[in-house]
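Shared chain: subunit A. Partners: subunit B in the first complex, subunit C in the second.
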Partner chain A sequence: MKTLTQLHEQKSLIHAQKIAANWKYFSDPMLLLILACYFIPMFLGDGGINNFAYCLLWTFGAIGLSAMWGYGGILSFGQTAFFGLAGYCYGVFTINFGGSPVSTWSGVLCALVMCMAFACLLGYMIFYGGVKDVFIGIITLSVTLVFETFMAQTAGPQWAIGAARLNGFNGMSAMPSLSLPAIGAENLLIEGTNFLYLVLTLLVIVYLGTKKLLNSSFGLTLEAIRENPHRAEMLGIDIRRYQLLIFIFGSTLGGLSGILYTVWGSYITPSSMGLTASAMPIIWVATGGRRSLAGAIIATVALLDLSQELVVYGSQYALVLMGFILLFVVMVAPAGLLPTIKQKLFGS
Partner chain B sequence: MGCFNLILLESSGMTIVTTVYSFLYQFGDSFAYLALSALGLAVIFGMMGVINLAHGEFAMCGAYVTILTAKAGLPLPLAMMTGSLAAAGAGAILEFLIVRHLYNRLFDSIVATWAVSLITQQTMLIFAGPSIEGLSTPFHSFELGIYSFSTYRALLPFFAIAVLAALYLLFFRTNYGIYARATIQNAQMAKCLGLRTSRIYSFTFALGAGLAGLAGALYAPTITAVPTMGSSFIVPAFVTVVTGGANVLLGVLPAAGILGLIQSSLTAVLGQLAGQIGLLLTVILMIRLLPMGVGNLFNRR
Partner chain C sequence: MTVILETKDLSKSFGGAQVVNGINFKVKKGEIRCVIGPNGAGKSTFFKLLIGEHQPTRGEIFFKGKNISKLLPYKRVAMGMSIKFQVPGIFPELTVEEHLKLVLQRVSGPDPIVEELSRIMDTFHLTDEKRVKSANLSHGKKQWLEIAMAVALRPEILLLDEPVAGLSDEETRDTGELISRLKTQGITMIVVEHDMDFVKQVATQVTVLHGGKVFADGPLHEVLQREDVAEIYLGKR
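This part shows the complex of A and B:
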């Protein structure tokens, strides 16, 4: 029989474990790295800050792809399709409704909802239609190419939604930036350093959220499906539902990248959905490690930054290097660079 | 055909014949393009289960070698053969260096061949420049009513059918064909019976690459060769292979026929863009409705 003190001890022990479990999230090295990035504006000029924000805003799509591909076993070439869809949605919405805080944030929301709805539709067709393995890749690639081909020919004045001309191959431009209402003053525009802070904050939320999701029973079920779909089905899991949900989750993150990109550069073009563009998220995620969110984030920022440096000499050189990096990773370190380095340094 | 025209020339049915023939010509054109570009991909996918995303680059290799050797003075048919052989050689090298190590890793082989495609394309852009001067289309054009048609392009559908027939003979009437089909059916068993399956895989990959090169070589006189031309081959190739299913010979012919019909009708009614988008939408619907492809409809026993 337990005495009262023993019971108290046990209670405080459980309490301590809970705190430790919560604390584990904050002692995650990747989270600390992201938090450290809040201090980066002290060391960079305006151009550097802009560039860093550009590299960071792609990480959402990479996180989404890593969740889909690494954890769910779904290789989607569609991240850029959702990227473009969300970008165009934000553009059409804000050009029609103006640059007030309410309008721009509703634009963000509207674009995300559009992405989710489209991912729902496409995912329903794919997973409930029994499409498997590489054929998922082919369908998503076809969808991406349909988007690009269609948007590239919308040059004429008849292609307009409200006040927003789609402008064909040249793409849409001049969307307003995001802003926040300020009391007794002009609206606070989210640009430069503020935009970087916004992206970093979103990244913290998305990173922790995705990590929690993938470590939950949902994530474990997903991994069980990836390892052996038939076994999972035998255990009574509706694999279609799980795959559909992770597809919607990952694709919407791709859309979030698209919105941020459109806000960042205030333009979006069809070529951001082309054959070469849709390879990029796959290159980053494969390089970083498809089953490592931290790897995907670091590889995305590092490879994008590297491409930006090389673009001075011509975009071909950057792409050739990306190709070689990808080939090297696939042949030598199929699990991705970060997991491989981790294993070399710390054992399994 | 000519005789048929002469009779109708006197009646006022001439315009109808011209319209019908021009539609047939369009259909044949897109049929030939779909079938020829798909064959190489179909052989590699059907026989080995590898999705080769560098397929378009083999076609580019075939086209470039054809143009260069033809300009150096080689007769066109020989130049085309050199082009497809060069692509086959490149395929053998790629198989030896990369694809061989990835046979059991489907996703990795897709990603790796994509990397190869990216490297080849961009390296060509750096060294060969954005485009090279093409060849003039052989043969002349013939006229029918108010339209004029290119004889060469009118002959291509027949050539596509000839290549398909040759492949049929290769896979069903030769020793290699028997070995290859045995290897697909059960690689372990084929190995036990003394077949060198790795050699068969190498040869099959080279054959697929050579067929892609042949497609590039055949279209070399009709297009402007650019380093990024691969993507104009790989998209129709994928569409056809997916529609046809993994069954190489039984799939490609009906798939190219159906898709050619869809594309040429859409192009005739709504324009070229609708034709292209129609193709891509067809493949999405096709995977949804007939995941095994149309080839499978002919294969039910």
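This part shows the complex of A and C:
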């Protein structure tokens, strides 16, 4: 029998371990790097701030893919399908209901709910239908291409939802920016530097939340499913449920990127769901390290910025370079660059 | 003693091949039942039918009185079955500690009890390897990790498929002692095994399969004394 003192000591130890674990989260180098980015507007002009915000807004989809692929073993080409779906949803909602703070934030919520609902439906068919391995990639890619093809043929006045014309290949435009109500003044538009702060704040929340989720018992179960789904099932784990949940989570983050993109540029086009676009998140995450959230974030921003620089000389150069980078990473650092560099510097 | 697991006319065919053919089988609570038989007798298929990896083409399986023939494997585990596979089916990138945490969180909630984790690692001589990725363990340690995971689920019935395959004589003896210890805790066990010395060490009841059917069934010493059982092992039948 344990004495009361022993029990008290054990409780104190568990409490101390929890504090240490929480402190570990807040002293995370990636978190500190994101927080340091709040000072970036001091050094960049308007164009630079906009470009940086553009690169950052894609990181949500990359984090989602890293969680699905790196931890859950689900290679999804569907991130851009959810990106486009959420972007169009936000556009249709705000064009119909106006640009007030309530309308725009409701548009964000509506787009996220749509993404979750569609991810739930698609994921249910995939995982409860017994689809496995590479076939998940094929199905998600097919869905993405079907979305793109469908949206590209929606030119003409008959393709409208309320006041919102879908506009076929040209896509939708003129969606209002997000705004916040201000007492006794005009609404505060979330544009430029404010938009960057919004993206950074969301990134802190999503990064910490995803990290906590993946370090929990849920994350450990996901890793077991990735390593050996058959054995995991024989431990009493309903693997389909876990796969579905992480698919919904990751896909919704893809949708969050799409909403922010639509808010950032006030437009969304079918090409954002095309074959090239759908391959990009895979390249970013594979390059950074599919089991490293920090790697996925850094690689996404770095490769997007590099692409932006190269586009000045012709868009084909950026694509060719991305192909070479993927080839290089697969051959030299299959675990991704950040985990490989960490391994070389600090050991396992 | 009450019957915990029962099969009635259990059959499985693949195309034209009848691999398991009308097996009627009963295991009582607390018993250690060894299922033996020559190669191709249908032992592995019978085992896979019990755990739900294969669906029977005919017949039924009852566990604690409930028909589980159509239940998915994870639901059978949730009812109190636990399995140790012939080929260690572990998670290569996870450490020994993570394996056991994964299992314990199924039975004790998201924060497994540290003491229980330590106790299981001690029992299975895995403490020194707690932070070692299972891919880097020796074959013997992998087998013990498999058994540790199966036991940590606190099952009512433990199904062990060739638990001593590839183990040294000393490890085989240790495994036998471990299984005997588990019996004292009231865990029912079904063991599919080739190693007759090991079978003699642990079994109280034996079922001999031959050609997908039950060839002999009963107390260990009686079954092993039968000449026809020896003959099927020597391939005379």
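Note that the second predicted complex is superposed on the first by the 330 of 348 C-alpha atoms of A that agree within 3 Å, B and C clash if a C-alpha of one lies under 4 Å from a C-alpha of the other, contacts with A are read in each partner's own complex, and residues count from 1 in each chain.
In this text, a contact is a pair of C-beta atoms (placed from the backbone, for glycine too) under 8 Å apart; a residue touches a chain by one contact, two chains touch by 3 or more.
In this text, all values refer to a predicted model and were calculated from it rather than measured experimentally.
> Applying the touch criterion given at the start, work out whether A:V204 contacts subunit B, subunit C, both or neither, answering first, second, both or neither.
neither
> Going by the contact rule set out at the top, does A:T221 touch subunit B (first), subunit C (second), both, or neither?
Once the two structures are laid over each other on A, A:T221 reaches subunit C alone.
> Figure out whether A:E233 sits in contact with subunit B (first) or subunit C (second), or with both, or with neither.
Touch status of A:E233: second partner only.
> Please indicate which partner A:I40 is in contact with in the superposed arrangement: first for subunit B, second for subunit C, both, or neither.
Touch partners of A:I40: none, neither subunit B nor subunit C.
> After lining up the shared chain so the two structures overlap, which partner does A:S142 touch, if you call subunit B first and subunit C second: first, second, both or neither?
The first partner, subunit B, only.
> Quick one: is A:T276 in contact with subunit B, with subunit C, with both, or with neither? Answer first, second, both or neither.
first
> What is the contact status of A:L327 with respect to subunit B (first) and subunit C (second): first, second, both, or neither?
Touch status of A:L327: first partner only.
> Which partner, subunit B or subunit C, is in contact with more residues of subunit A?
Comparing touch counts on subunit A for subunit B and subunit C gives B.
> Quick one: in the complex, what on subunit B touches subunit A?
51, 98, 101-102, 105-108, 110-112, 114-119, 121-123, 125-126, 231, 235, 238-239, 242, 273, 276-277, 280-281, 283-284, 287-289, 291
> For subunit A, which residues count as touching subunit B in their complex?
Going through subunit A, the ones touching subunit B are 69, 75, 125-126, 129-135, 137-139, 141-143, 145-146, 149-150, 153, 275-276, 279, 282-283, 286, 314, 316-317, 319-320, 322-324, 326-327, 330-331, 334.
> Can you tell me which positions in subunit C touch subunit A when the two form their complex?
So the residues of subunit C in touch with subunit A come to 51, 72-74, 77-78, 83, 85, 89-94, 98, 101-103, 105-106, 110, 149, 153.
> Mind listing the subunit A positions that touch subunit C in their complex?
216-217, 220-221, 223-224, 227-228, 230-239
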